[in-house]
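First subunit A sits with subunit B, and in the next complex the same chain sits with subunit C.
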Partner chain A sequence: MAFKIRTGYEGDLNLFKTPQSVASYGVLLLLLCAAPFVLGSYFLSQIVFVLIYTIVGIGLVLLSGYAGQTSIGHAAFLAIGAYTAANAAKFGVPIYIYLPAAGLLTGLVGWLVGLPALRLHGIYLAIATFAFALIVEEILARWETVTNGNEGMMVKPASVFGERLGEWGLYYLCIGVTVFVIVIAVNVIRSPTGRAFLALRDSETAARSMGVDSARYKTFAFALSAGMTGLAGVLYAHKLSFISPEMFTLALSIEFVMIIIIGGIASLRGAALGAVFMIMVDPLLVFVKDKLPALIGAITGSAMAQDKASVLLAAPGVKSLIFGLIIIFFIIYEPMGLDGRWMKIKTWFKAFPFYKPATFRRQKMYLKSERGR
Partner chain B sequence: MTYFALEDVSIQFGGLKAVDGVSFDVAKGEIFTIIGPNGAGKTTLFNLISRLYNVTTGRIVFKDEEITQLNAQQIAGRGIARTFQNIELFDNASMLQNLLVGRHRHSTTRFWEDLFFLPRVRREEVGHRHAVEEVMEFLRLQRYRDTLIAGLPYGVRKVVEVGRALSIGPEVLLLDEPSSGLNVEETSRMAEWILEINRRLGITILMVEHDMSLVSRVSDRVLALNYGRIMAMGTAQEVQSHPDVVAAYLGA
Partner chain C sequence: MIDFVQQTISGIAVGCVYGLIALGFVLIYKATEVVNFAQGELMMLGAFLSYTFIASLGLNYWLGFAACVICMAVLGMAMERLVVRPILGYPQFSIVMATIGLGMVLRALAGMFWGTDDLRIETPFSKGVVHMGPLVISADNLSIIVATALLCVILYSFFRFTRMGVAMQAVSQNMLAAYYMGIPVKKMFAAIWAISAMVATTAGILLAPITFIHANLGFLGLKAFPAAVLGGFTSIPGALAGGVIIGIVETLSGFYLPEGFKDIAAYVVLLAVLLLRPQGLFGGAALKKV
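Up next is the complex of A and B:
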């Protein structure tokens, strides 16, 4: 068993808690940087999507996991970032200007969306953010001078100092932005701002009595989360090189929420794991769709069963059904998500042979009062 | 100079006057206890002081400043801390983080400084940890430093809440039923802490409490409340033997 020995207050404040984690994250980063030399363009673009989803996931983890505010409108923030990038690139603005600008603009919009959050809780807030997403979707379709309406618009490739950013360039840009966003998130979590977030999440009444300005921190959580999503939006636009309003629908927002439910709601590592899962699930489903009917046919030995299975799997909505089942599965059996599972496996090895499942069992409290609401 | 005073404070919820024309003064360094049957308006009074509720009429004054118009988060900034009857800790955070939230009013860093965790933020954080560590030592909470609140027993949570309030560095501490749910031993330890917080740290204490042995052990003065009105005020002995108080508790 390993024990952590504290020798000073500084230890808890470091970006990396142990030398081992410096090593393991360093290796991960090296592997990611080396990937283009080894992997083909299909896998490279999958990794880019994972990184983009990770950024959005981290934004949502801060908002939902730490600050306790729900949002099912994050596709709108992604859209704002994406359309900002598309328009800026159209006028030949270099990416190192419009990337931060898009982040700031989306952050500002997020701050505005955060204002109703001061009066709304839980499901009502979720509905408000959903309404916001619908409004943005509508604006994207109608404001044709800027967005080119439902026809969508091409996104010019990003350029840095006159050089076009190719596939590799975009890949490394994604890694850079992801690392930046993760560092910002860790900084927030280890600073007074992050503590104010979790205070608001667990008991707003107590937080206010401790001097936490709830309005300020709630809107700030929204701004921060939206800003990160805006950055992801820029990358998303360049990755797809064509954007149109029907890409930024409720379905995408739900996918983002799924990232953090599957990954683990209050964990940055969970956001990354959830993003990997969400990107992998599509190719996996395609694979299953292709192979499963043949397998069923082989096992049952009847061509009719094979046909039935392929018709069933090809039916519209199967993907949504499977997504829904996955969410339900995680909420019931692993509320702490993939990260929770990872922690359990790690603890099992660390504590071997003394692991007890009760370590992770949460005590339920029924005393929370609703006073002061 | 008025240190802490309620002047003719009332609050009305629809047709119900939960607190009705209550006035009293608390001197600096005093332990002032409010007792009364269930529904007497004791906690409502605390919620009025900590500005979770708005007064309908009257004023609350702290150090010659009317605090009735401040909002809840400014109250902590004035040095008034509180605990809650039913424990309002941050359940999914560690004990250490809970106490550190108490230090919130002392942090002067801005959002963007926090975002980049500038050296100033780090220096302040170390300072907060020093301060919180002292509170932990005072209440002997060190062994629970990294335990999630959700995993702590009830008695410990009660102490953690006092610790969190102390982390604010308060001048006035509002304790809402500090002994409810505690066993005899824990209650007597709580009494010692209350006395020590008062004597050693020089903090003025306002307390709502039902346990009369605790009340008479620590209180300088006691106020008895019933149906939002003052029934009696004086030493624990005087209030306990006041005929109205006896009638209210036992039923005349």
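Up next is the complex of A and C:
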């Protein structure tokens, strides 16, 4: 790992590590705020999805990257947030009430899900969260008085003080929630809570013997992560304006985990990078499906190859094939994700010409058994 | 009452399939402490291969069965070599996600290669029905139950009595120490993935006449998790017993409870077991030295 040399404790307490980062994040925020004046509605809605995925990604980074707990059921939390929003909007509740309420409710559910986590770890936890997600999915389909079952339900546009929140309003709301979530995450990480998370992740036994209350911090990590996902769920519901149970499947949960795998598992910046990547996959795929067969036809000079390629690319499994390959590729070749790559590039320039790949080598553990912990 | 017994028997048959998939999880977990989320997909591929060998190429059922098992053993080894081995020693989460990715790739490829239609194979058992008093058991179901029991005995004795089986257990407990003791750890890994793929294939081929063969057959693997957890995740008879229990619970709740409970019964059982007895019904509490 590359280490930053600290000369005082103030450096650890600052929200931003360097003056440059204040400037660069400020510019990014300004650009995002200015975007609606320049970009069309397609790009705007893509950015909204990126922001929503970023929020979920940050929740997962806190949970998996920092607290070391696994979850492959986050779609369920998103669903709870989304359905809360849909129902609250149905009764005309203003968004500034049900947005925090949905976050709190989902956080509460997350806390409940975290309770089994006290006794479970690693693989068992993954299985438990995914069982939870499947049960939630089934409840959504069956509890027709609230969720309208498999037919799905329309989500009324959000209103603030009687005013309808339009496309721009939702966009700025997403920016606001994202900034809020990021600030919370940064504050949690640099507080004693965040240090406790890290201690629990690296060795629960050691952390407990140092007096870290593992039960409290594990459930808190779950509640925090779920609450953030619930906020994202509210935005998701309003963005799509129609929700149904088959949107919140295991596949979505896996997409969420992909965000942090692609971005880098213990990095907030990675969550944003991963979200951008995940949202870009779809348009890129459309582009490739559009152009690649013609290119193959032009290179091989045969119409048959062109037809074959277009048929293959149109097959329904292409997206999941690509997703699967992306997961495997990142885990094997870039385990620190896009953020890790960014740090490597930065270090390469900083240390030029003395960059050593070993700086970032991860330690492999062949001794550790997760059994009977 | 007769309904109950009849339902229970069909539950046992379904449960045996879950048990066989769970057996695959358990084998790999027991030997390498990796959980293979692509186990269901391996089963699906086995079923598709049996279609190719038996229905398309017209091989004899048993010959086709053997061919499938051999092909899948090779595939299992290839998967281990290409995907799992490079990330051994990394946190378990990475390996779990890698196998999920692998499952997605296999499912997509199967969908592209064999199409999305439901396929079907003929087996020597397809027509037969066994009468036991007032009970009726189809030979398909019976073949699953018998084959599962047989496999279970074979695998149990393999781990208990053969040098290789014991070596695999040593690898699972401490890879490094096993390596120092002269156990070829890498070969053990390849072997266990091959065995696990073979077990999955068997499950797939046995299941093929009952449910149709399609690319989403792999999702059945998700039902095998409750089975494996119930059995303690390291116990071979446990996986089977867990599978049977899950199968029975599922069938009975489909029969007696309102619609919708059938699909989640297995997961409710799973959560209950994880909460009340995380080591499973058959897993012993193991202590770990820090």
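Things to note:
Here is the rule we use: the second predicted complex is superposed on the first by the 355 of 373 C-alpha atoms of A that agree within 3 Å, B and C clash if a C-alpha of one lies under 4 Å from a C-alpha of the other, contacts with A are read in each partner's own complex, and residues count from 1 in each chain.
Simple rule for what comes next: contacts are C-beta pairs under 8 Å (C-beta built on N, C-alpha and C of every residue); 3 or more make two chains touch, one makes a residue touch a chain.
Fair warning: this is a prediction, and the values are worked out from it, not measured in the lab.
Once the two complexes are overlaid through subunit A, subunit B and subunit C fit side by side, free of any clash as defined at the top of the document.
In the superposed model, A:160 lies in contact with neither subunit B nor subunit C. Here the vertex is the CA centre of subunit A, and the angle it makes with the centres of subunit B and subunit C is 80 degrees, a multiple of 10. Of the two partner chains placed by the overlay, neither subunit B nor subunit C lies in contact with A:345. Applying the stated contact rule after C-alpha superposition, one finds that A:196 touches subunit B and leaves subunit C untouched. In the superposition on chain A, A:34 contacts neither subunit B nor subunit C. In the superposed model, A:205 lies in contact with both subunit B and subunit C. Residue contacts after overlaying the shared chain place A:141 against subunit C, while subunit B stays out of touching range.
Set against each other, subunit B and subunit C differ in how many residues of subunit A they touch, and the higher count belongs to C. After superposing the two complexes on their shared chain, the closest approach between C-alpha atoms of subunit B and subunit C is 7 Å. When the two complexes are superposed on chain A, the residues of subunit A that touch both subunit B and subunit C are 203, 205-206, 362, 365, 367, 369, 371-372. Per the touch definition, subunit C reaches subunit A in the complex via residues 29, 33, 35, 83, 86-90, 92-94, 96-98, 100-109, 111-112, 116, 173-176, 179, 215, 222, 225-226, 229, 233-234, 259-260, 263-264, 267-268, 270-271, 274-275, 278, 285-288, 290.
The residues of subunit A lying in touch with subunit C in their complex are 64, 70, 72, 116, 119-120, 122-124, 126-128, 130-132, 134-135, 138, 141-142, 203, 205-206, 250, 254, 257, 261, 265, 312, 315-318, 320-321, 323-328, 331-332, 335, 362, 364-367, 369-373. Here subunit B touches subunit A in the complex through residues 43, 47, 50, 52-53, 71-77, 81-82, 84-93, 97, 100-105, 107, 109, 111, 114-117, 121-122, 124-126, 128-130, 133, 150-151, 164, 168, going by the rule given at the top. Every residue of subunit A that touches subunit B in the complex is listed here, in rising order: 9-10, 12-13, 15, 184, 187-188, 190-196, 198-199, 201-203, 205-214, 220, 224, 266, 362-363, 365, 367-369, 371-372.
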